[in-house]
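Per-chain residue numbering starts at 1, and chain names A, B, C, D, E and F are given in the order in which the chains are listed.
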Amino acid sequence: MHEAIEDLLADYAEAIDDGALERWPGFFAEDGEYQIITRESHEAGLPVGIMYCGSRGMMEDRVQALRTANIYEPHTYRHLLARPRIQRSAEGFAVRSNLCVFRIAQDGETVVFATGRYLDRIVEDGAALRFRSRQVVLDSRRIDILLVLPL
Amino acid sequence: MDIPVTHAPGIDLVWPREGVTRVPFQVFSDPAIYAEEQKRFFRGPIWNFLCLEIEIPKPGDWRLATVGETPVVVTRDEHGAVHALVNRCAHKGALVCLQERGNAKALTCVYHSWSYDLAGRLQSVAFRHGVRGKGGMPEDFSPEQHRLEPLRVEVFCGLVFGTFSDATVPVEAYLGETMARMIRRNLGRPLRMLGMHSQIIHNNWKLYAENVRDSYHATLLHTFYTTFKVNRLDMDGGMLLSEDGRHSISYAKRDTLRQSDEYQKVHAAQYKSALAAPELLDTWTEFEDGITHCIQTVFPTLVVQLTLNSLAVRFFTPRGINKTELFWIYLGAQDDDEEQTRKRLMQSNLTGAAGLVSLEDGCINEFVQRGTRGSEDRNAFLEMGGRDVESSDGSRATETGIRGFWKGYRELMGF
Amino acid sequence: MDIPVTHAPGIDLVWPREGVTRVPFQVFSDPAIYAEEQKRFFRGPIWNFLCLEIEIPKPGDWRLATVGETPVVVTRDEHGAVHALVNRCAHKGALVCLQERGNAKALTCVYHSWSYDLAGRLQSVAFRHGVRGKGGMPEDFSPEQHRLEPLRVEVFCGLVFGTFSDATVPVEAYLGETMARMIRRNLGRPLRMLGMHSQIIHNNWKLYAENVRDSYHATLLHTFYTTFKVNRLDMDGGMLLSEDGRHSISYAKRDTLRQSDEYQKVHAAQYKSALAAPELLDTWTEFEDGITHCIQTVFPTLVVQLTLNSLAVRFFTPRGINKTELFWIYLGAQDDDEEQTRKRLMQSNLTGAAGLVSLEDGCINEFVQRGTRGSEDRNAFLEMGGRDVESSDGSRATETGIRGFWKGYRELMGF
Amino acid sequence: MHEAIEDLLADYAEAIDDGALERWPGFFAEDGEYQIITRESHEAGLPVGIMYCGSRGMMEDRVQALRTANIYEPHTYRHLLARPRIQRSAEGFAVRSNLCVFRIAQDGETVVFATGRYLDRIVEDGAALRFRSRQVVLDSRRIDILLVLPL
Amino acid sequence: MDIPVTHAPGIDLVWPREGVTRVPFQVFSDPAIYAEEQKRFFRGPIWNFLCLEIEIPKPGDWRLATVGETPVVVTRDEHGAVHALVNRCAHKGALVCLQERGNAKALTCVYHSWSYDLAGRLQSVAFRHGVRGKGGMPEDFSPEQHRLEPLRVEVFCGLVFGTFSDATVPVEAYLGETMARMIRRNLGRPLRMLGMHSQIIHNNWKLYAENVRDSYHATLLHTFYTTFKVNRLDMDGGMLLSEDGRHSISYAKRDTLRQSDEYQKVHAAQYKSALAAPELLDTWTEFEDGITHCIQTVFPTLVVQLTLNSLAVRFFTPRGINKTELFWIYLGAQDDDEEQTRKRLMQSNLTGAAGLVSLEDGCINEFVQRGTRGSEDRNAFLEMGGRDVESSDGSRATETGIRGFWKGYRELMGF
Amino acid sequence: MHEAIEDLLADYAEAIDDGALERWPGFFAEDGEYQIITRESHEAGLPVGIMYCGSRGMMEDRVQALRTANIYEPHTYRHLLARPRIQRSAEGFAVRSNLCVFRIAQDGETVVFATGRYLDRIVEDGAALRFRSRQVVLDSRRIDILLVLPL
């Protein structure tokens, strides 16, 4: 199961790094939650972060918007994940992993765009493992330029 | 004839004769102008936004801020009074407060333990009398002559402002009646912070100051606005300016939409308008005046936003000639119920660094910074909505707000 | 006596009386000189390489480029004509084209949707007439007076050049007869792109301009050349300059090698010369003139290279006073067979950022940038091969090509 | 086998980070291929990248050249690899892993030198696992200073 | 009246009439001053520390160093003599030595293989006579007129110093009798290197020069000192200056502690003083004079430290106007036994980038750099211990050492 | 056992990244050793590095000092570790892993603070695995600003 969870995390990162964002909502349960929040707000227990999706639908709207409505310079991500720490829970698994995301601009400029932790609740959804919730807790309070592709 | 620069030595700039309808690109990239702004503009007769009062609720609370590039600490003393002090020790200039937020009975510099009260008055100097009678300060040393440099402070609707100048009029007069009223409408109630983050944008701070006063771009660049009819120029709305033109309010009334085919021509409306998760835009009527979208700017670097039910304060501060930090503080009313808080959370997706209708502003000003490289001798052209600086009630297809900013900037800089 | 600077205000430089045999290190690190180059040099009467024609084959294709630090977009219009435009919106100066390559019917700025045709003419201004009669541009607004700033364009052998100056002579005259002939020889046939990448080198752009004209260094610094007898000074070869000395061709004929013991003295030939995989250097005779190695420079920032069968175009652009981007575009003939393409692939190992005979150029110019820190008042010494600017047929133990570059640079800068 | 493949990838990185470049060709099959190419060229299907070795011999020549012929300032790499994604294939295994390489100059300056993907074809070569081909697809089109040590 | 700047063109600075008791914050952030320092200060009549003699023990050994921002290489020739040369090729200015340390019979530039002996004399020029009689240098080329620019060198107690000026007096006279004696005490014996590392601190180099002369801060900022009674102002000790005030020794005698309640007032002594692992502070009596703590500064950028048994040499070099590299070299006596080496290892925890009593200096000077932003027109106030520049035996509650630094700095800069 | 060792390494990193420094000494055997040293000094065989603790007590003193005595600007770390290479040894295990540590300042500025290798000797200490010694060999000779939190 450890293997299967690690594969899920790697597959998720791969989908985003490859720009296959249409695959993104599918990693979540139908009513799955996704949030990007700063460490500062997270520790202060504040509800509002930087991005929030309360359902797969909201994720689909995000993808739709960034494909057709939002304007930004082309760029890609590269994820590096540390070994996850996995705990069994009532509903499935509580998983935590350190993350670093590099952002590569079209001119090749590469920056450390984000570091932090994934705090995941993973459930067995039929045959597959899916995120019941995935919270990205960013170490930094500040975002370079903008955040449009999910982390 | 051209207007030569009169008061800025070392700056080689001639403002075009067309006045506020032109902006020399040089002002966004000339280091001499940037240095001069630190003295002449940010220490001039303006009110700089420092922080929210709710960030320093208790006696002894402090919070760091910057005015231009000058580090400042805002404190609340034991009597509840708010002070703003340059965060620069009177001894050798070290930062006195190191953490972004804190609480203390006194402000003690870590370098040599000089200690100040919460109003910035020097209280003690370590080893002032030396050790066992040796060393220490000269007899004539007088603590009264050394203190943390203070700013004048005023609090309006929970907004803490500071100024270096004695000439600055009181905040309410500075804002003018119209601006003050709208701030009261949006912030004149007990508030709580729902979250905050910031953005580093790679452009001169004045490009963002223009951007937030630019009611012309909003519905063209931010196509999500248009498509989902959150904010469009074919709703009733307008661009109100303060008497001096420095501050502005861009507002719209969502229920008054009568679609104009102007939009058919622009990219802005090409995107299918059905949301898979419409709850994103679930709102409730927070005010009875029908205004559902309102971006208010306070000269020079503050913005108060109420988009649908998303209430936020934005402010920005220069981090270098082509680098600016933009802060987002999301607010709710203290008496919001759970569902209202949930709606504000949902709508927080609209703005901020990842905002569906604001993320473009993270790069668009950089596009201007980069687009004008090598063209420092050319000018921006600002004649949309005429050439004057005055309110434009009824239409936001205007750059009057931007012209108003430059009017104020030139007055302060002597350009 | 010393030659004082006549035409560059704010620049405190005196060129040594020895003329082009000396170069003040200051020119590589003085910000005032760098700023002046943007106006006087890159917008002067020179042809700047922009891109290859094969990068924009179809109507509507565009590609981004830079001239000095000025952003430019190269387009092909519906009639097939090529245009070059400053990528700076006529409204407020935003970049108009955002992607490095694209195809479109019109160029539309994302900020306020001003739209231009592929020749840069303003076609539409969003909300020009306001919304429902309110707002919009003044009556006397005339679109004809606003457009993307154009460059003059010429295409020669698939190379697209642009200039800001009306005084620049046609490309073929600019190159001169000798240079034009060699470009035709190497590029005057249907080509395809085999690959591309770039390098960031940490030095002033002029150090690389010197480096590629420096036939003296090639076989000493790049010892792989020497050891494997790809290019040595004891082969027949020479350094040809254009009439004005600005452009150069360094060439060698591999089959004419008669080993000189000069090489025994230098590090350059210490390395055992047997390859475990000799296929690296498998070649075929591409031209009958016997020239197997040919580095051609086109003033100021273009290089055409044919080393054995490795055909490439290099160009470089300043990214700051001590930062330069160097681009490598590998080319093949459209009618190459598979084996020939394979050979070009093998030989691509010779050049580029990881090139066995070129990687040293990625750091050597930085070594000069760093070596001259604190010595801005000293000069480079360029007397190898004499003190003149003229072709040196028969020997490449000369710095005549570098002197030619400085001759042209000084003419343009007024130094 | 997953373990063995992960060990191969880690051992390869270790050899390069330790400067034991003479070990590098040995990680490949006799006729193994190695290429470093930009994402842009890779996706455009262009043949020429930044470095190409068509055999172990060419790799040995590279090492020989950088030891004795090429001139550059001393520097070292530090590899960080994400969990590989492994698929069985006819000849062996198709493996993909995200990579980040830091470059450390002799004065200590540390930069993110490369981010991207390893696309590997791994075969069982006698007792050992070896690369039939290893392609390094760089996210950025541009190289800082120069590229002399293999990635 | 104010003292106007007399000798620094382009620098707009007026030093306050209070002289060395004031320092304009501008000197820490003005690029024009920083540039001027490279010429006037670092190439002036001062001895710059270059390296330790034990780093280049053998003939042919070399080691890189910097003087200000000028790259230098220190060599030992075949006769054992030590030389210092600007690491800038006489041809085109490339760095000649690339590795931080090396050994060679000659110094050969990789760019065009010009070769120099270990004293910097030009020995050979590749292709000087061309190839087969073609190309090469003009007949009148004279190698004698080209060499690596030398510095004058002196070695004192294993410390290698270099100067660009002929006016600099010999090192021992430069140090003065008191300073020379203490250096002999600490370093005048066979030494071995135990380890080294460096720190990048984000402040102007002069802030660290002040910091190491600041006997006032040590026991207040570095509370570990105080709590563990390693160094306190209520021990016997003092601040000795050289005759010219440029160099200083801050010393203390641990066994003479008589606790003063001055310390009760300061943060510095709040921390419980029992160590779980007291072996950290296991010492032995290395010298009979009772001095257990001694920080000696040599103008401008060298520090010799003996804290308990932790012997180290520190030096720092500017890496930009607000960036400085600080080097730590830990030393032991060649005849240390294992236990003594172990004790030096334990005590090495006290200093360096992670030093329990020194890590604060890694950030405190940055706090001044940042604290003074926007206040370039204000001054530091330096009257602790009086207003003079003279030794303060008996008390270190004084800034006399810092005043002494500024006295020397102003003399050299003409401020 | 491989799993258990990987968990130890991940748990150690997590404790430091979370600021739970009081947990730090507990990862070591009573007489465990900890040292941070530059690659340059390590390869030269020099004894003195940047930080040295010869026992758990010295680690406790370090934590005590940085909590109450030392002064510095608040900051946090984020560790990323590569797959460890594990060898059985007489006393237990010799483990090596590549590491990268990012430092995040309170204003959000994120830098690559350290890259290098962990060289570990791990022993079974009662039920638990503990470090007999942990050496952090830094690739760079220079530290940005200061080093106060253990790596």
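The working rule: a contact is a pair of C-beta atoms (placed from the backbone, for glycine too) under 8 Å apart; a residue touches a chain by one contact, two chains touch by 3 or more.
The structure presented is a predicted model; accordingly, all values stated were derived computationally and were not measured.
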Going by the contact rule set out at the top, which chains touch both chain C and chain E?
B, D
Chain copies touching (chain A, chain F) - same or different residues, decided at half shared
different
Report back the single chain whose CA centre is most distant from the CA centre of chain D.
B
Need the CA-centroid distance for the pair chain B / chain F, whole Å please.
43
Using CA atom averages as chain centres, what separation in Å is found between chain A and chain D?
28
Considering chain A alone, which of its residues make contact with at least two other chains?
71, 73, 80, 100, 107-108, 112, 141-142
Using the touch rule from the top of the page, what residues of chain C touch 2 or more other chains?
98, 110, 198, 221, 360, 364
Chains touching one another, given as label pairs in label order:
A-B, A-C, A-D, A-F, B-C, B-E, B-F, C-D, C-E, D-E, D-F, E-F
Residues of chain F touching chain D in their complex?
2, 39, 80, 82-83, 85, 96, 98, 100, 112, 115-117, 139-142
Any idea which chain B residues touch chain A in the complex?
193-202, 221, 223-224, 227, 270-272, 275-277, 279-280, 325, 330, 341, 344-346, 348-349, 352-354, 356, 359-360, 362-364, 366
So in the complex, which bits of chain B are touching chain F?
98-100, 110, 198
Per the contact definition, I'd like the list of chain F residues that touch chain A in the complex.
3, 6-7, 9-11, 13-14, 17, 76, 78-81, 100, 102, 104, 107-110, 112
Quick one: which bits of chain B touch chain C in the complex? Just the residue numbers, please.
25, 210, 216-217, 220-221, 233-234, 258, 260, 262, 265-268, 360, 364, 367-368, 370-375, 377-378, 380-387, 392, 394-398
